[in-house]
Amino acid sequence: MKAIIVHPPGAGVSIEDVNINGNGPGIKILENGICGTDREIVNGELSAATSLNGFLVLGHEALGILEEDTKNLRKGDLVMPINRRGCGRCLNCMLGRPDFCETGEQLEAGISGMHGFMREYINDDERYLVKVPDVIRDIAIMAQPLADLEKSIEEMISIQKRLHWPCIDGTYNCRKVLITGTGTIGILFAMLLKTYGFSVYISNKREPNDIESKIFDELSVKYKNLSNKIDESFDAIIEASGSGTDVIERTLPLLKNNGFYGIFGFEKTGTLNLTSEFLQGIVYKSINITGLINGQKPHMEMAMNHLIQWKKQFPKTTSMMITEKVSINNERRLKEVLSKKRPGEIKIKIIW
Amino acid sequence: MKAIIVHPPGAGVSIEDVNINGNGPGIKILENGICGTDREIVNGELSAATSLNGFLVLGHEALGILEEDTKNLRKGDLVMPINRRGCGRCLNCMLGRPDFCETGEQLEAGISGMHGFMREYINDDERYLVKVPDVIRDIAIMAQPLADLEKSIEEMISIQKRLHWPCIDGTYNCRKVLITGTGTIGILFAMLLKTYGFSVYISNKREPNDIESKIFDELSVKYKNLSNKIDESFDAIIEASGSGTDVIERTLPLLKNNGFYGIFGFEKTGTLNLTSEFLQGIVYKSINITGLINGQKPHMEMAMNHLIQWKKQFPKTTSMMITEKVSINNERRLKEVLSKKRPGEIKIKIIW
Amino acid sequence: MKAIIVHPPGAGVSIEDVNINGNGPGIKILENGICGTDREIVNGELSAATSLNGFLVLGHEALGILEEDTKNLRKGDLVMPINRRGCGRCLNCMLGRPDFCETGEQLEAGISGMHGFMREYINDDERYLVKVPDVIRDIAIMAQPLADLEKSIEEMISIQKRLHWPCIDGTYNCRKVLITGTGTIGILFAMLLKTYGFSVYISNKREPNDIESKIFDELSVKYKNLSNKIDESFDAIIEASGSGTDVIERTLPLLKNNGFYGIFGFEKTGTLNLTSEFLQGIVYKSINITGLINGQKPHMEMAMNHLIQWKKQFPKTTSMMITEKVSINNERRLKEVLSKKRPGEIKIKIIW
Amino acid sequence: MKAIIVHPPGAGVSIEDVNINGNGPGIKILENGICGTDREIVNGELSAATSLNGFLVLGHEALGILEEDTKNLRKGDLVMPINRRGCGRCLNCMLGRPDFCETGEQLEAGISGMHGFMREYINDDERYLVKVPDVIRDIAIMAQPLADLEKSIEEMISIQKRLHWPCIDGTYNCRKVLITGTGTIGILFAMLLKTYGFSVYISNKREPNDIESKIFDELSVKYKNLSNKIDESFDAIIEASGSGTDVIERTLPLLKNNGFYGIFGFEKTGTLNLTSEFLQGIVYKSINITGLINGQKPHMEMAMNHLIQWKKQFPKTTSMMITEKVSINNERRLKEVLSKKRPGEIKIKIIW
């Protein structure tokens, strides 16, 4: 079958005919999403990526159609495969939660230990498939990255059970959360945190552009320019820019007592310097800093629910999220979008 | 009445006659404990300390005897006052948990906003008093610092509910916790974590001395010399040395996936430098870093239970913990022990 | 202003002009929902209902439009007032959770201690108002009863944290929940439990009618006729028929080990008889039986989210839920629908 | 080796020489405890009990001495084997928590599926052994039944997380718990609930005898005679009498709002009748009824901690708990104590 092939740790990408045997029912791939991790692999920049017998099928975001009945699913159902699989040895993996794999030997489709989903079809166990409601077929590909955010917010709320975090009216309306970064992830975080009832602020190092302003307006989230002085403090901050440690250094002091600082982005540059005085403040203020990664099947199911809701509730924002569709037959364009983020891009889909 | 008086932010300490009115039943003070915070105030080094109308009674660790019946306590009961009181405005304070005060305006006996307990007697509301069982009168003063540790371990376990943290046999026996620092706090953490069933390691930058070796042996905790290479990794690390950021820099990389790093000590020197690569590891490994501070009434009650248990279970260690008793009448020695940590000191008590 | 008036404990209902002063911003009422509790009051059957100075405005389900800006809401916003208010004395009420009022002295709009919402306008504090998204204006009235169910499922999941309840894939897909009763409440429970990912079964003592069959088909829930032998067992059962104790007696034995039995309906007739042998089974099987009541502000916010989602996802079911609209000016019909459940009724709205 | 043999479902008990092979290190049995379950088996009254190849070694409470080093234990260590073992198929068993076995196919030493511990020695995997501190060798046998109570209170507190259950001072001091039954289990529950900080009441259908009065006095628990009118209400009730359903019928109405009713005892007689009005009260009051059973390894470890504490704290009560020791060589007396509860008995030990 046709597949998008990479050769980590080397750079490069090609469309080739491959022969891969799998177990479980067949799923015809309809679409793949592209994210920054794919580009890092294509550009030979992700040291964690590994080939299997000389090559790797790329892709960890996929929407497919099931080709036969299973116990709980029907032929013709739209499905999304989950992309991280357990190590088979640790307790958390045994419980369907390889996001908390203890050995570090979990498999990552299209990254390490397991071929990805950018191919004509895959075979997979029902256990790793999430049903996709037809009403969100157009935006369902967002469910894979969104699942990681669902897990992140679940984890934040779980961690904050260390204190009484709900407000005086039982909601989270009084809790102010600052998101850094205005990319796909930042926007999805904003929608999710609004849905949970938080008071949401989103930020970047510049003024928002027109599209961003429209989105933030529809979502009723407030904007902060990190280049200006910020007089407010926050109950939680989610670092979703992944730009550099300076963003963390800039925002960590904005946390209130008992604040939660979630690092979701992968910082590319810099060194974070925390003085002993600052660390004393972390103790005095009961600050919590947590690395946030990966959602699993329950989070992908939550993501489907939220996408249905948001399509109705935030029609402008959701309709703007897929910024380009590239046919699998358009090899030239495909290589372009797989190599470099395009201006104005939110999410690009490959169509099979 | 006689009281030990300080004048923050200035240095100095004196024993003087003061006139303080209080509400609630009277408690005759029997003993006070001395800790590093007291010495920082005496030496004019704690900027958070404040005078009230020109002076401050020192002391946040006290054992007293109740002088009249209250609703739930009886005249003659041994009691310990809790040292942090709520701001009166935030939800967590209203719930008896000013350890999570949101405004930062909580009162700290003997530090800020409230006179301390180093005086002949205090008046206090029953609500802030914890009954002390007679069988631990000799070591009960340890309950105040221990309460902070009870809260810390409770918080660690609460935070780790984000994943499945118990072992395959339902206990915490397989979870390895490293404590840095071998002072009072380090030793109390070791006893507490053993009691919770963890696999406990304690460490310092040198080989243990004879007394330490005896203690670690009785407690069945393993020792690690941080000056040597450490090949093991840990599920949790509690920084209890409070020495400098180098200890954190040395031990943070020893955390396993999903690891918990609790900062209990107040680092005195240095700057912690975390590269972007290291921060990526925090994300990939779902690391959690938390500032740990202060226990409240429920933790002081737990501390009483544990002290009773340990007196029976670890008789050597518990009998070695009070290293000196100084009479309130021995003013010279009192000023010495209030100014500087003594060699071999674990806990020094003032006897009224 | 015009209002629907009752005189508990006496029977009867009338539309009258009343003079009620309130505090807080004005809200013009657009719609009210009618439920069984209203009819019990109208028929003089609810002993818990009480008059205030000789009469009571009925109604605890309302949709209104805000007439002035508040701190967080804007003039013109659609809002829904929450119907239970705290006793002002207990901890849970102070935390915005009078659903767990400890004194039993909470206020219930339109039932006891507080006039209801079936009147031209109300004044209320922003704290008790939930914003209603415009996209669900037509079905938003369902959010009040739905909030009670949101709280119920939240409580079920909270209680089942006593064991490891998620399935091997981290979801609740393997957990089978049986709902008894196919009224509004039964159907809303079915949608909610599906959204949480449970395997859902709904039941009645007869075969389903045509409308029910269409609904259960759209929701993908399975049907059980309680008059037939049932060979399956369930991880949880929600009693939502409120018919009689025979339903409980019939279904309680269908619980698996560690099963959760939630009683949501108010049983009207019968006596539940549990033999000592059966009670032994409750112990051996770690069974849990819980009374489920009332949602608060966080649950009404969740309800809004779910109604938006379901309008998109289950268009047939949601469009069938409002079975009749009665104008406030149609006094004759109003008295009919307030006195007796109509055949085929799901939810009836009063339009102002 | 010598063993105490039964032949369920038939009655009878004998001491015989048997040949049983086991895996894992050898443990020489020092003592066994006798409880009501043993007597039911001996008297042929426990239908759940089953023979293995024609007979069953009795006994699920044992203290032994390890005969060889294991990974974490040393030759000569005192150990206690845990008595319930997982089904090997369900998630909760895989997590070391067969107390929540989902299949009902867990093994129970000395009851079903697995020979008991009343024999000269056993072989067992380290995973099922709990280290017993030497300081409590005399009373350690109480740790097996106590483990079930540790699990029960853990479960109660876990379930009550559905609301805010701690008091205004952060403790459980304001929460009143009523225990029904004044046997071993009732007394152990009293000590445990006191240790957790609850306000504890214990009860029976008569006035307490002299020994009971001394015990309740040392423990500072209040006594209620259930034959008299009781004007108080309780936040939790633990049924530990196991006498009959009349005790439940008598005490269930004493629960406050949000109350927890834990059934620990196995009711022998009667039928519990709950009217529809009473069931409505369960809903209005958010009552929770839970069957409490079995502790596992973590609970047995907690039990060891508490026994050490209580030996110091409640010397009278703990010294009265072992009411008789019977030598394995005294066959006549052994058969007597295995057949019928003795007057004044709390716990009887068999000495090997």
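Read from first to last, the chains carry the letters A, B, C and D; within each, the first residue is number 1.
Simple rule for what comes next: a contact is a pair of C-beta atoms (placed from the backbone, for glycine too) under 8 Å apart; a residue touches a chain by one contact, two chains touch by 3 or more.
The structure displayed is predicted, hence computed values, not measured ones.
Placing every chain at the mean of its C-alpha atoms, the farthest one from chain A is found to be D.
A repeat of the A-C interface exists among B-D, B-C or A-B. It is B-D, with more than half of its contact pairs matching by residue number.
Inter-chain centre distance (chain A to chain D, centres taken as mean C-alpha positions): 48 Å. Per-chain Cα centroids separate chain B from chain D by 36 Å. Once the centre of each chain is set as its mean CA position, chain C and chain D turn out to be 41 Å apart.
Looking at chain C, one finds that residues 91, 94-95, 97, 164, 167-168 touch two or more other chains. Looking at the complex, you find that chain D touches chain A at residues 91, 94-95, 164.
Residues of chain A that touch chain C in their complex: 72, 94-97, 127-128, 133, 135, 164, 166-173, 195, 197, 296-298, 301, 305-306, 308-309, 311-313. Chain contact summary for the complex, chain D toward chain C: residues 91-92, 95, 97, 99-104, 155, 158-159, 161-164, 167-168, 244-245, 248, 256-258, 263-276, 279-280, 282-293.
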